[in-house]
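Two complexes follow with chain A in common, the first pairing it with chain B and the second with chain C.
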Partner chain A sequence: MAQKQATKKNKKSQSLLPQALWQKIGANYLLTNDSGHYAWLKEKDFALVTAGKMAEKDPLFAELAAKGFIRNRLDFNDLAAKWKKKNAYLYYGPGLHILVMTLRCGNKCLYCQSAAAGLGAKHTDMPLAVARKSVDLAFNSPNPGITIEFQGGEPLLNWEVLKSTVVYARKKARISGKDLKLALVSNFSLMTAEKAEFLLKHEVSLCTSLDGPKALHDENRVSSAGSSYEDTVKWIKFFQARHDTQVPEYRVFKPSALLTVSRYSLSSHKEIIDEYVGMGLEDIFIRPLAPIGYARRLWGKIGYDAKDFSIFYLKSLDYILKLNQRGVVIREKMASMMLDKIVNFRDPGYLDARCPCGAAIGQLAYNYNGDIYTCDEGRMVGWEGNDLFRIGNVFTDSYKKVITSATTKVCVVSSNLEAQPVCARCAYKPYCGVCPVYNYETQGTLWGNMPANDRCGLFKGIFKALFTLLKNPEKAAILKKWVAK
Partner chain B sequence: MRRIKERNLKKQGNRTIGIKVSLKDRSLDVVRYAAYAVSDAAYVFIKPAGKSAVALEFAPKNSAAAKNLPRRFKEELNDEQKRAAIFDSNRDLREFMILKALAYEEIPPAGQQEDSGLTPEQERELDALIAQVESEIKKESSGNKVKDPLGITRTWEEKYGAKTGHKKK
Partner chain C sequence: MNTNKVAKEIFLDAGIYSGEAVKLAAFVFSDRADIRIAPGKGVFTVSVSAEDAEHTVGEFLNEVLNQQCRIDLAKKNSKIAGIIVTKALLSAAGEK
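The block that comes next holds the complex of A and B.
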């Protein structure tokens, strides 16, 4: 009898779908699994699959079996390989190390999350000793690839320290044998030919902010020196030209730009994208504004809800695809990173959409005074007077202490999607991630409440759009080309 | 879903919506997760209602949110019941898969395999030597059989024969 019951139970469990997640979109179901495979099913096929009644001769059967959606046809090696590739970051320590060279800045951008200090606040410049200690700690990470990103305020305001740190980090990389990438995020207002030569020679990649055409850019990014647009554009063109001509002695990277969407941007998606294309930039990162730091205080003036941003984002994506169809090379960065996971089962290094999130285990932010934060967003919360995300100081705490701190652990636990009631059931889980800092700032809890979370709504909108576009062969071909490398 | 009685859906004076759900064919967790999924639209209170049912009280966050609340909750409850069944039946399988993935080592393609440093001639000599040693071991072990009534030491091929490519009916 006991045996009979066991057999019956086995038969029952065999008849069900293997572990899978789904989302009804329109009349169809999107089915996904832990390894990142996905399939579109009509309602009747979804019912058959979930009931374990899909016949072997059904045209869909082979596809579903190959993707790990048929319980007695699982290819464990393939599923395991894809899972590991997609989650490769779990095997390394933090790779991104953000050094806040100063809080000073000549710009007073409407949304500035870093809450920049005035030009006279020299006490917020990072001393060389702090910079070196930060680099030392960064190199203690077991990650074989280290990226040091110089940020601010405007990092060029602390040029001498920045310069010494670049040289020091390069030396450190040679000794340790690690792969080092250096990056500078600057508004270029203080860039000079001499500084540019130094940065190019030391293979520092350059990133700036470009919010669109002159009027819009200057409206968002208010400069004490008049227009901030002129400097930005001048130096983007300079670095583009240097990239195009290259030299044998060192690699010159293509400059990149970040777009922050304020309320003023919402009606100008075409103009913004055209500006990027006109500048020769091949990637545009359409980032929503987050109500963190200074932006939160001005949210009523410059903010918007997730729905408004989603409309803007989808219109932009549609326009970018149309440009691609006409042969123009331009990609949307957020979509590219999500697609890398969906299409290539690869981790694109997008720390905001990981499980657990990149806070501390993927990145560390070093403030000008040596304080270490889980991430740059956590540092911004600290600047507002709440040091919840501070996990140490370069002078007093070891790498081990920082990475095993209670705050690090709580960020890992709260951003584990398996433990998030809604995320654990979401079809987009294999490609998504939550942000404890965002949750804390907007909902007062590290865990957040995903059904009412704007970031969650936004990501869902983006995923829905991407999966829908992937159903269209012509658009899918363009999107796949973005991540074919 | 049949167990959710429509007549129990009612709008009360203080604008809350009450729904009674039977626990006879679903767990309390299923109800809780389904209720959490609509927590963007309402605050939810779950109270016992007899031995095998719970009463849910939804306090909508605004009037627009209240409109589709019972329908949304029902859909979530249906989905959640399906999810719970699938999750339960796959718990071991999933743990196995994740453990396998965590320990997975990619085998480099043949071209990238480490060079042994031997010439082709030396490789052939080594292969011949290994074959000789293996045949000697086989000879020795055949005259000295160990009891293995369950066939634990036998390989899958020894037990069932090599793959023929034909599926068993």
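The block that comes next holds the complex of A and C.
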């Protein structure tokens, strides 16, 4: 009798939907699972699947079974392999190491989150000893691939130290056998032919900020020397040309640019995208402004809510797809990174949308004075006078001490979506991530409160748009091409 | 002492909200309001004193709900959440 009851109970549980998440969008349901599979279902099919009553002869059955949505057809090896591939970062430790070479900068960008200091503040230049110690600590990460990103302020203001650090890091890489990528984030205002040659020769990839056409760029990125646009454009073109011609001795990477959307940008999506296309840039990273650091103080003037940004973002995405249909090569970077997870089950290295987030376990930020922070955003909070996200100093703390600090642990715990009430049941959970620094700055706790969280609203808007576009075969084909590599 | 502050009293059903959730929410609001919690029979009496008391009380109630949901979720998900956190931290520390 007991056996009969157990069999009956098993049969009942066999018929239910396995672990899955869903969201009703319009008339249809988006179904997802932790391995990263998704399916769009009509209401009647959704009812059949959730009740475990979908017949094997149903045309949808095979697809849903292959994706892990039919309980008694689960291929655990395949599902686990996809989960592992998508969450590969859980196995490596921090790969990104941000060195703040100086806080000085000649620009006074309206939204600057990097807490730039005036040109005279030489005491905020990173000394060589700090830079070397930072590199040493970075190479203690178990990650076989290390990216060292030189940031500021304007890092070119501390050129001699930057130069020596590049050489030192390359030497460390040769000795350790680690794969080293070097990157420079600069406004190019101090770039010279000599500096450019050095950076190219040492395979340093280059990234700058471009906020759109001259008037908009200069409005956002105020320069003490007049226009900041001219230098930016001049050097993007220079590095583009060098990339296009290449040389046998070293690889020349395509330069990239970052767009920060201020309130002034919201009415100019076409002009901004056209500027990128005209410049020969193939990626545009449409980043929302975050009310962190200096931008927080000016939020009333330059900020906006998630709804405004979502409208801007969706108009931009639509325009980019129209350009793609006409044969123009241009991709939106945030969408590309989300799509890489959705379509390829791959970790694109987007630290802001990981679970747990990249704070400390994916990246470390080294301030000019050797203080180590969970991330660059955490460093900005520190500059505002709150060192909650400081996890050590290169002179006094070992890598292990930094990575096992209480702050590291609490950032990992609080950004784990399985511990976030709304996220744990969200259909976008397999592809999303929360930011404890953002939560802390905007809502007063590391956990935040997602229903009232603008970042959450914004990510949801982007995911909804992407999944809706993926329903359209023509648009899906274009989007899949963005991440086909 | 800020004299512009207005106190509002609210009552929370102890069958729905735990003392832990109410205390955590009060802690989150400690820089925005003065909060006093008085546990009673089946109810928490909470006094919220703030400049914009009406608005603050609404936000405080949302935070109590948020904390309670987090505590409830932890009871169900703590095992998988713990595995993910442990794996992430051990890998970053170079431990297998």
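Here are a few things to note about the model shown:
Just so it is clear, the second predicted complex is superposed on the first by the 484 of 485 C-alpha atoms of A that agree within 3 Å, B and C clash if a C-alpha of one lies under 4 Å from a C-alpha of the other, contacts with A are read in each partner's own complex, and residues count from 1 in each chain.
Here is the rule we use: contacts are C-beta pairs under 8 Å (C-beta built on N, C-alpha and C of every residue); 3 or more make two chains touch, one makes a residue touch a chain.
Keep in mind that what you see is a predicted model, and the values were worked out from it rather than measured.
Of the two partner chains placed by the overlay, only chain C lies in contact with A:C355; chain B stays clear of it. Contact with chain B, but none with chain C, is seen for A:T50 once the two complexes are overlaid on the shared chain. In the superposed pair of complexes, A:V412 makes contact with chain C only, with no contact to chain B. Contact with chain C, but none with chain B, is seen for A:Q420 once the two complexes are overlaid on the shared chain. When the two structures are aligned on the shared chain, A:A20 is found in touch with chain B, with no touch to chain C. In the superposition on chain A, A:A81 makes contact with chain B only, while chain C stays out of contact range.
By the touch criterion defined above, A:A452 lies against chain B and chain C together after alignment on the C-alpha atoms of chain A. When both complexes are aligned on chain A by C-alpha atoms, chain A residues 421-422, 449, 451-452 touch chain B in the first and chain C in the second. By the touch criterion given at the top, residues 28-29, 31-32, 62-63, 66, 69-70, 72-74, 77-78, 80-81, 84-85, 87-89, 91-94 of chain C touch chain A in their complex.
Per the touch definition, chain A reaches chain C in the complex via residues 90-94, 141-142, 355-356, 360-361, 400, 403-404, 408-409, 412-413, 416, 418-422, 424, 444-445, 447, 449, 451-452. Put simply, chain B touches chain A in their complex at residues 33, 36-41, 79-80, 82-83, 85-87, 89-90, 93-94, 96-98, 100-102, 104, 106.
Residues 12-13, 16-20, 34-35, 50, 71, 74, 76-77, 79-81, 83-84, 87, 421-422, 425, 449, 451-452 of chain A are the ones that touch chain B when the two sit in their complex.
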